[in-house]
Structures are given as structure tokens and as C-alpha cells.
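Next come two complexes built around chain A: one with chain B, the other with chain C.
Moving on to the complex of A and B:
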């Protein structure tokens, strides 16, 4: 019997049984003794904060928002949401300039893209990195993602007509990374979907999902983006389109963080937002086929990003990769890579970030794959920087493995 | 004077006894307090913890109302670390007569209680948990007060002024010489040691048990035990006290106390035999939830931590043997004048709220008997721990960057939190995760505050009072207690008793999350630790 169904409490945090499983699964607690841990910071602390905001603990900023506590919780307590909500509600200090800078992915992207070669060269320089460290406390050891000289939106504009020719259509929420840094992933998705007979179109105008703004407490900006995006998603859904994504964090934000952390109602669009790996896997299950290259071979190790764990959809990426002939597949033990978006870029978190990821890095080195597969761009930066192994989105591996002509 | 001789012996370690001890000691008397169990085990620790403004009594009992508001203002000054100045609302529900509001407000003003009629919309903004259908609201200076802290602080001050406290010690008889009480025979219930103590005056401050104590001394005090049941909810639903603006009745006060809130109460006359073991009935639980949810609808969906009941020591006004004239006012009986028994005083009736005044009245009577001419100073002198106005100030003065547990300790102990020692990192570790009680704080309670059992520790630190009801803290604290007294077997028994006592309070409301938690606790102790 699932007793939770019979419990009377509408206060989610009261369903905590103090079993402490979340604490055992918290990656931060294992490396940072200053962090009180999810149970303490979440349901336990909430009772004291309700008494008096004075009991808010600034150490809550060490939470990665990886949501592994929520995945672990047998009572369905939204532990990470409690912690993030507390930070939003009780930490009234204005976000630092550094945090604003890191969180403004759209703004920085539009600024850097037209001068991408210069921007890339400059951010790559040791002197720039030392300066950013000194001025903004952005860790100098961190490698910034490169900007693309053209945006994905620009590329799509040039292929609008041929995409519209497909009788079946989906909309694609590409996210900032695909747009400003890595249009290649978007193009790979288009290739795979086209191979399945599906055309791709953009949302009317998407904005950054806002996750970095939420974790850096830029609530006004995050809510503005959320409201905009829910509107844009609704227009696509009204046209009868599914909205496909390639980033697990953007997906979790659009589906779950909007209502629970921003109070933005997305009930009309939530169920139509889906990771591409799930969408494609389900189509193949229903009988769609892809023609794979006969000589393809790749040793792939799959890393499940934290937010993919929370979505519960890692299984689709795994199944899809295992389906590819020639893929020698290894499933890595689920572990946080430690970067958590902008978290790992901050100097005060760098050591913890790398210590958290070490478990994963060791596994990767032991497997020694040709590529690591994962559905999250910040995991990609972290793993590439920390291990030297190349990281590819499962969609890119799929695109590489299928015949150009179907 | 030998160590067996005192100026005054006080029987009863509730708030009245503790307050009287403090007052006597501050007036320079050599004072002994004897308590058969622990501090605040009777009615003191089994009520709402409401810092009455007096508004509740304004219409029917103006005298009590005036006493309340005066003491309310005094406690804010002298007991800041025990008091939470939340303010209170008297709300009118659609089923209540709004006309009563006017009567109520006028009576409050007469008693000197500020009572401001506010717009129901304003009331909802001030206290969002309140029933949105209210038709009227009055704001009064209610608050909450922690009775355990208050009792401990009074006793501590008594000790700092030279008084002695003997807990877990029962009075087995009086030493009488003719028509004079000369002292008491006692037995320590833990060690079995029997001792006699002598004093020219003995004060009976035994609450409802004062009836038996008086009987033992050979006099009759007409007391009437009235049970009141209450429910503790797992978190603060409200941040202001919520009352019904109507003639006082059942389940019409919701008090936010520390991390929880408490709805009460009921009133049922019970026989004396039941006083030592009162249980909450399903009917009482039903009544409390149903009536409570009328004031604050979300109570019906909030986890309930436990149910408990206390016994009010109601007294028939002095010499009325018929018991018809029951008062909730303060009753101080000089048995020499009343019954011809010299050296014996009974102080009873009253309320937690008016304990200080009761203590003053009793101490005045003691001083008269001893021909001591000293003024009462308890209304001006802050209790130990209350030297600062707020726990924020305390925490920031003691620690540069206080942790959550340090903040919580400051809120519990006031300035006395500085006595918590942090000898090593272990002292910073948590014993109780729900209420944020550190190893250091528990050690402090064992070493400085006479805690010898887990239940004693609970009253001094709040361990076991949080959501998990002792699941995690009990065995950890038991380890520290065992280390202090050196007997593992004794501590194992103590641990069993403690968990059994926690379950007693869970049982009447054992459903939903509370039941899951209790099951889990049982699983941990029985199957993992193999203790029960």
C-alpha cells in the first residue's frame, strides 16, 4: 500500500520521514562540510524558517540544484525545490555582478557571436582568465565554451523552406548553447528528424529557459523569460506540434521549474515538451526505421546528467544508443559531474565542483571510451575540461551513425 | 544553619514553585525547592504556552484580565528569551455574533488591554492562515511563551541567588510539632535516599497535586481537576495567535509556539485518580480538529505531531466547601489564619501567565511570617538569558557567523547560549536535526541544567519535540547521558521510556505521515538497533 496517498498533509515538506536517504545521495555533502545537506537545508530548515526568516542559512547557496535528493526521496518531498525556494525567498542580497554575467547567456551570446573568433581568442587567453578571476571570481582554471560565428537560428532561417516541405512537423527548443555556441547539435537533430520524415521549425522566438537566472536569484528576469517561453510554447502546441529539446536542463526547467520555483503556470504545454531521444525512441518503437551506416563503430560511455535522472528519461538515451549498430555501449554509474551550470564557474565552488566530479572522471578513464555521450552541455564542458575525452550528445552520435541518404 | 535547614521549603517544580523560589531567593531567603519529577511536568508544561493579553477574560473575569495584561507586559521585559511577541487576533466567524465584538472591545479597554478593531481584509494580510470568511477581527497584544524555558530560567535564577533544587525527590510526609509544620521528610526517587529538611515556612505549590500535599499536612484545599486537551501541529501554520471572538469555549485558541502551533483546549472535570495519567480521547481529537479548522482551514490538512492533556488546578474560593464558587484567579492560603496550621502556605489557582504575581503574593506571605522586610524585584530584573531583547542580537554577539544550530540555541537559551561549549568538532554535530540541537547544547543541559533523563533533556532543549518525535535524537542523546552517568543499562531503560512516552502522544492522532514516521521509528529501534 502506498500510504502517501492517504496522508492528509498538503504541505509537501511534512511528508519527510527523516530517513536521510537524500543526505546519502547528495554529491555536495560528500565534499563540502559547510553544506548542511538536503534534509537539513530542506524540510528540517523549512520549519525554522517558517518561524523566522532569521533561521535562513546562507550555506544553502552550496546546493547544486542537481535534484538527486528528490530522485532519492521515497516520500516524494521536493527537497531541492524547498532549498531553491528558500534561497529565492530569504536571501535578499542582490545577485553579484559575476552571477548576473554568468546567468545572462542570451545577452552574452548575442554580444559575442558577431565577434566570435575574437571573443573565443580572448576568453581563451590566460591573461583574460586571470583577469576574470581577479575581477569577478570566475575561476581561472575554467575553460569557457567557444562561440559560433553564426547562430543556429540564422542557419534555420536559411533552411526554413525545405523544412516546411515535410508533411509532419515538430518545433525545436534549441536553447542558448545550440544557438550561440554549438549549432552543429541542432543541425544533427534536423538531420535525424528529417531522416524520420519529420520537418523541424523554430518556436516563434524562444528565450533562454532561465535556469541560470533562477539559481543566481535573478527572479524578475527568469520570470519574464518563463512567461515569454510558455507563450511561445503554447503557440506551437496550438498548431498541434510537439516541442523537442536536446538539453536536459532546459527541458527540466521548462517542464518543472517554471511552476514550482517561478509560479508560472505551464500546465497547457508541459506534456508537449520532450527530449529528442525520447521522441525518436518512441517513433522507432512504433515502427519508424533509420538506415545506419554499415561500417560505423564507436566505443561510447553514457553519462546520465542529473536533470535527466530527475526527468527519469535517461533510459531513452541509453536505449537509443544501444540500438545503433556498431556502438559499443557502457553505462556509467550515475554520478554528478560537479559543474551544475554556472555553479562550477564560481571560484568559491571550483574545488568542490572538481571533487564532486572525480568519481565520474575516474569511471570514464577506466572505461576509456572514444566518446562520452550525455544530454547536457554543461556536463560536456566539465567532462571535456576535466578528462580530455570528447563528449557528444546522443543525437549527434545518432546523426553520425545514420546514412546521409535515407 | 546546617545543610538541612532552610528559611523556606517550596514543594512543586512547576512555574509557580520556580517563580516562588526565585522571588524568595532574591529576597535573601535560604530556599529549597523539592520536585518529585522534573521541572514543568504538570500543568506548566501542558498548556498552550499562550502569553495571554487578558482579552480572553476581559468580558467574564475582568480581574484576571487586568492581571494578565500587567504580567504580559512584565514578561516581555524580564523573559524576552521565553516570549515570542506575535500579537493576536480575535476573529469573528460567520456563525458567531458580530455584536459580541463591541462588548469584547469595551471590556478590553476597561481592563487596560489595547484592542484594535481591524478590517477583516487587513487581518487576512497580517495572518494569511486565517479563515477567509471572517466577518470581524480585533488585534490584541497576545503572544506565546515557552513554559519550559520560563520555568528553567526562574529556577536557575533561584539557584544563582543561593537557592537549592532537588528534582526527582518526593515529599513523603511533614515534620509536625503540635500545630506547626517544621519541615518535610523526602525520598529521592532515583537513588532511594531519604532525607529530612527543616524550615519555618513550607510553601505548597503543587498545582493539582497540591490537594494531596495539603491533605498530607492535615488541611483541606478544595480543588477540582479539569482536563484540557491540545494538539500540536508539525509546523507553524500561523504566526499570530488566533482566538475566536465569542464567549470562551472549546478549541478556540491557536498559538504559534517555537517551530509548531498548538490548538486547544477542552475542559472536562476528571477524578483525582486520573491526574497522573491523563489520556486524550478520540472525541477530543475530533473536536479540536473540527473547531480548529474553522479558524484556520489549513489545520485540517496539516500533519499533527501529537496530542496531550494537562490538568488545571481549579480551586474553590477560599473557605467555600461546597465548591460552587470556582475561580480561575490566584488563591493564596495562609493555613495559620485559615486552619490554625502554622508554617504552611498554599499558592494555587492562577495561570502560567500570572505565575510571577502568584510568586510575589506567596513570597510576601512567607516574608510576613519570617518578619523579613524585602521588596519584590522580580518584575524589574530580567531572568538569566533574557538580558538581550532578541535572539538575533544574542546570536550575533556570541558568534560571528552563527550556524542554524547556534541561532536556534540562542532562541532557546537567550544569553545563556554563551555557556554552550565547543570543545571539538563533535560538539558542533547535531543531536536533534528537527530542532537543531547540537551535542554541545545537550552537554550543557546535562552539566548545567540538572538533566538526568531524556525527558529532562527534552524540556530543556526541545530534543524529541520535532517532526521525528525522537526517532533520531533519542539514541544519540542517550549516548551522551550514558557517558555522563556511566550506566548503559539505566540508559537503555530511559530510552525505552522516552520512546514509549513519545508514542503515547502520537497514538491518539496516529494516522497519515505521523503513523508512517512512528512505523519507521519502530523499525529503526527494534529491527536495526535491536533495542526495543
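Moving on to the complex of A and C:
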């Protein structure tokens, strides 16, 4: 009897039994009284919106899309997906210029990279930040990530031959951050994978995963990128390659947001997209070994990004870090850092963003680690800006801890 | 990934088993599909008539104070229910009489605590009641979104401003011997309920609200923290979707999030709860257990599952997974060698273990003892 299969509602909203657990977990609700909360904005509101779109509430834009409500829901309701789809469906106003600017990470990266020293100096200036605040409502207190003078793709191009020499290969979806801002993380991944005897290649051509476009309602652009990326991923999968990632948000987008929010079918590639920490953990579990430096020591506190928690893969980063000899490991209590991609850059969200993160910042200060480990680039900006502590991707810590010659 | 024991279900039963096994030096993982029945916890452990040292120790070590005092507790409608072992916030009385005059205090805009029902219930028993709503500027923030003015949201504010509440109550208090408050205190700062009791010159009784239960959320957070501090792996928001089984031995479980990365273990504990938590599923033809397809005790004819009179005792509430005396779960009438069923998934198939919180704790400890039993060979 498959009765239940025929009664599934969109994003499972009819499974909601009004238990209010999600409201206890929503970080926004704790700091912003204008936000109606996940239960009201999600399944409750959906019932009304289905009757009449008039009931759409513009306050849904305060949702972080952190997905903590979904992780907490005992009934499997896709609360955050309901909220984001409602924004996509009912808020038909064109996205603001500011939002377009923030969400176009590929475009901005290509513009800024060739003039990186100038771009970095300019965005660092108080006067620029005040101007951006006045013109675009990008908060002047927010510090922008620096651009790299060369792109990761450029660096990979120069190492293509030596990478191709490895008998085993994986493809790497590096994301905009590694490409335009922080190629070092990509190089660290290459170092660790090479140490395991695995060569790294790029996808034929990757585009921004599109999460910022989705949350800023640039649906046309997001869908275009999704279709392009699924095609590029499929080509790698056809060659028998796994696709490795270092950003938890890109990964969640490629695997889950494409089908659930954009309706882009990724079923042929989904299971081949994997966080590097999981891939490396599984190789080590199967008997591969890494040689670690004998004198390595680092006090590390691990923060599970919200999207990593949604993926349910934080366990791999944790186990990997605990495996490194000389790492003194602390697991931070699960808490949202508050930035949520472009959300925290917007002037209207800045204060809420910082208030949400305070719970995490207090914990970090109490642990006082040498570095905070975390698999998300925007968490990194937020934690570094708000606490002064250095944040490293677990892959970079691993790269630092292993011997250069294996 | 390999563990000594994989526990499916992260509620009271699963966490109790996990903490006890970690303490005994066994590596464990808990798979938890969202939050659990602790969010509806009354604060008293149903059907636990004794206070075993193991249980009080387990809670004390997690920072949760319990007291043992056989008697009754006050219910939100002004009635009384038998209660024995309870969280410290819950007042226990030797008989269903708590005083002569009560001041019932709640907050403007808070709709999950029914002062007038409570007063009516108590007045029927000859108690004089006066209801007062506090209008606190600190709560006005929350009132802007009235649909979300919930116990947990209020409790977050109360952790900061409980002293204001004490001051207001002292002003309001006339000759009442009892002050009744909703359970919205001590979410993170567990000392708040006892500090309020010290500050108010009358007996203070905290009474249940509509969910989420603040004492329950606190209990869940503290037990989970204790479990993780002992080195346990809590997989939050994941769901067991299947298992690899051979000759009545479970080798590994498959989860939604981990996909083809299976969780292997020597022992497995199924603590997925009853119908609400989807540990048991039903369709018009049968009641089943979704992960291992275990035997579920049930009447054959669907019309015997329920009593058409809604408020009567419902037979389906008693249905649960069948087990052998040592709690090994049965499938096709045969017990699994290394799979134990504990907590609400047992329904009332094991009257010796009780129901509710008592069942969760007793069955968890019984399964753990079975796992820790030295091999006979």
C-alpha cells in the first residue's frame, strides 16, 4: 500500500503537527521581533498562501536559510525550503541592485581579481565603506574578503601536468571563494590529496553554485548556473571521477538546493559530490595513511557551519581533526555565526547578524583556541571579523600538519 | 564508521543509553531525527515509583537536579496527578491540597498558559485564587510577533530579568500563601527557579505550559551536552533509513545523510519512539516499524485498534515492538542477537517496565546492562 506516497505535500508541509520545536531553534527569532518565525513563515503560512497569495509576508526576507529548523523538526518538514520557495514564488519585485551586486560573486571576482591590490585597498577604506553603506545599504562595519592577485584556476593550469601524472584522479569544485579570494585552500587540498596519491583536476568549467542568487531571488541566473554546473559535474562523473568540495554551502547547494528550490534534476551527479573531509576520512578508513609532522601542535576549536549540520557531515571534519597528532580538539556547541552569506552584509541585517553570532563568539573566547576550524568561508569572515581569532578550513589544518614529503 | 553501539533515536531513552555506555568506555553514536518527546516533558518521570541511584546519579552528573517525593503534582487545569521522581522545579505535594490562597501570575500576550482554567480548577477544590498578568517592557519585543510568543522565547528573556519578576510578585502579593507561575524559567541558567523560590515570601509552584516544555528543552540540552562531553557522537537531524542484516545479526545501519557510508557496530539500540516520533508507522492495513520491519503487537482487525469514543483509552496506544525478556527485538517471531528496542517504541508491551519516562529510563538501563554483560563463553 503506497497511500502515503500519493499524499506527500510540497516540502512535506502537511506533516507539520504544530509542535513549535523549530521556533526554539530559529536563531533569527531570538534577536529580530519582526520575523514571524519558522513555523508561522513556513508550514502555517503556506496553508494561507495556498488560499490567497495576499497572505505572503515580506518579513520572510529575514530568514537566514540556515536550515536549523529543518534539522530540529521531528516530522521531516522542509521548513526553510518552504520559506525560500515562498519568497521565490510570491515576492515578484525585482532584486535590488545591492542584492545583485552581493550575489554576483563570479562577476565581481572576475572584475576585481586583475586589479586585486587596488580593489582590496579601496574596499578596505573607511570612505569606500561609508559610500557603499550610503549608496547600496551594505553595512559600513562589515569587512570585505580580500581578492587574490591570481585565481586558483590559473594556478591549477600551471600544475595540470604534474596533477595528471597521478594514477588516481578526482575533480574539484572549488567555488568562488577559493578561486578569487583564497587559492591557498585549494592548494592545501591539492597537497593533502597528492599525499594520498590522488591527483586533482578542475571541472571543465564551473560557475558559482548560485546560493547567493537563490537567497536574493535571482532565479534566472541561479537556474542557468545550476544547469551549467550539473552538466559540468556529469562530464566529470562520466569520466569516473568523484567531485570533491571544500565549502559546505556550495555542497549543500549542488546536492540539495538544485532539486528542491530550483527544480533542476541533479539525480545523476548528486551522490558523487562530496566534501573533501568525508572523502579523505573514507580513504584513511580504508587503509590509506598520511605522515604527520612529529612536532606539530595546535589548539583547535571546531565550529559546525549550519549547512554542514544540515548535510550531517560535520562528523567527518571532527574525526579527521581529532586524528591529527598534536591537535588539541574542542567541539563548539552548535550555534549559528549569524552571517548567512550575503545576509549579514546588508545594513538592515547587520545588528541581528552580530547578535545571533554572539553565542558562538562567547564560546570561542572562552575556549581561546589558536585557530577555529570551520568548513565555510562566510563563517570564516564573520568569526574573524567579530572575534579576531583566525579561522582555518580543516583541510588547511591537515595540510599544515602533514609532512611535505610523504 | 565503526562504533561499539549505534543508537537510533536521541530522546530520553537513547541519551540515557548513550551516556551510560560512554561512561562504561564504549564508543557510541546516536542518530536523531530532529527533536523528541522531551519537548513535551512534564518534568516528572511517569511510572517511576522508585528512585534508583543510577538514575539520580546520571542526571546529577549532567547538571540536572532531581528530587524524590512520592505524592502529587499540580496540573495546568488545577487538577492533580500522581508523581514521584521529578525535576527540582516541579513541586510535589503529599496530598492534592497546596494551600488556601493562590496568586496566579502570567504575562500579557502569553497564550500558552491558561490562568483562568487553573483558577477555576483550584477554586472547585476550595482554594481562593487571584490572577495577575505582568506587563513587562522586556517582553514587548516578543509581543510584536504574537504567534511566536512561546515558552522558550519567554524563558530566554527570563534568564536575564527574573529578578524583575520577583520584585513585581513581591509588590502584588497580599495574603496568599502560594504563587503559581508558568514553567518558563531556567532555560540556560538552571539556578533561576530556585532563586525565584528564595526571593518570593510564599510557596512557589511552577506549572506546565503548552509545548515546548522549558524544563524538557533544558533536560534535552544538558543530557546531550553530557553525552558529547563523554565523547559520544550525536548525529543531529539524520534518519536511519535501513539496515544490513544477516542471520539475525545487524551489521550496519544506513542513514539519510550519510548515504553509502554505513554506520557499523557490535550492538544496535532502537529508541525511535512511538507514533509521534515515527518509530511506529501506520496505514489503513497495518502498524509497522520502518527501520528493521520488526514485529509489532497489534490487533488483527483494524476496527479493534481504536475506541470510537475519542476520549476513552485507545488500544493502539498500547501497541509496540515485540521483544524477548532481554529486550532483543523480534522479527518473524525470532529475536535479533544484537538489536535492542527501548523507550516508547515498546508501547505497553512490557507492563513490567512501565510507560513514559519510567519506561524510557528502565528499558535503556536494562539494554545497556545486557550489552555490558561479560560474554558467557
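Simple rule for what comes next: the second predicted complex is superposed on the first by the 395 of 406 C-alpha atoms of A that agree within 3 Å, B and C clash if a C-alpha of one lies under 4 Å from a C-alpha of the other, contacts with A are read in each partner's own complex, and residues count from 1 in each chain.
The rule we apply is simple: a contact is a pair of C-beta atoms (placed from the backbone, for glycine too) under 8 Å apart; a residue touches a chain by one contact, two chains touch by 3 or more.
Nothing here was measured: the structure is a model prediction, and the numbers come from that model.
Peer 1: First (chain B), second (chain C), both or neither: which does A:19 touch?
Peer 2: Both: A:19 reaches chain B and chain C.
Peer 1: After lining up the shared chain so the two structures overlap, which partner does A:313 touch, if you call chain B first and chain C second: first, second, both or neither?
Peer 2: Only chain C; A:313 stays clear of chain B.
Peer 1: On chain A, which partner's contacts cover more residues, chain B's or chain C's?
Peer 2: C
Peer 1: For A:349, select first, second, both or neither according to whether it touches chain B, chain C, the two together, or no partner.
Peer 2: After superposing on A, A:349 lies clear of both chain B and chain C.
Peer 1: Could you tell me if A:151 is touching chain B, chain C, both of them or neither one (first, second, both, neither)?
Peer 2: neither
Peer 1: Report for A:40: first if it touches chain B alone, second if chain C alone, otherwise both or neither.
Peer 2: The answer is both, since A:40 touches chain B and chain C.
Peer 1: Going by the contact rule set out at the top, does A:51 touch chain B (first), chain C (second), both, or neither?
Peer 2: After superposition on chain A, A:51 lies in contact with chain B alone.
Peer 1: Touching A:282, do we find chain B (first), chain C (second), both, or neither?
Peer 2: It touches chain C, and chain B stays clear.
Peer 1: Touching chain B and also chain C: which chain A residues?
Peer 2: The answer is residues 3, 17, 19, 36, 39-40, 44, 75 of chain A.
Peer 1: Enumerate the contact residues on chain B facing chain A in the complex.
Peer 2: Per the touch definition, chain B meets chain A at residues 234-236, 256, 258-259, 298, 300-303, 391-392, 403-404, 407-408, 411, 430, 433-434, 436, 466-468, 471-472, 511-513, 515-517, 520.
Peer 1: Going by the contact rule at the top, pick out the chain A residues touching chain B in the complex.
Peer 2: Going by the criterion above, the answer is residues 3, 6-11, 13-19, 36, 39-40, 43-48, 50-52, 54-55, 57, 75.
Peer 1: Would you pull the chain A residues touching chain C in the complex into a rising list?
Peer 2: For this pair, the touching residues of chain A are 1, 3-4, 17, 19-21, 23-25, 29-30, 33-37, 39-40, 44, 70-76, 271, 278, 282, 285, 309-313, 315, 319, 331, 333-334.
Peer 1: For chain C, which residues are in contact with chain A within the complex?
Peer 2: The touching residues are 1, 33-36, 39-40, 141-142, 144-145, 147-148, 150, 152-153, 156, 211-212, 217, 225, 228, 233, 235-239, 255-261, 276-278, 283-285.
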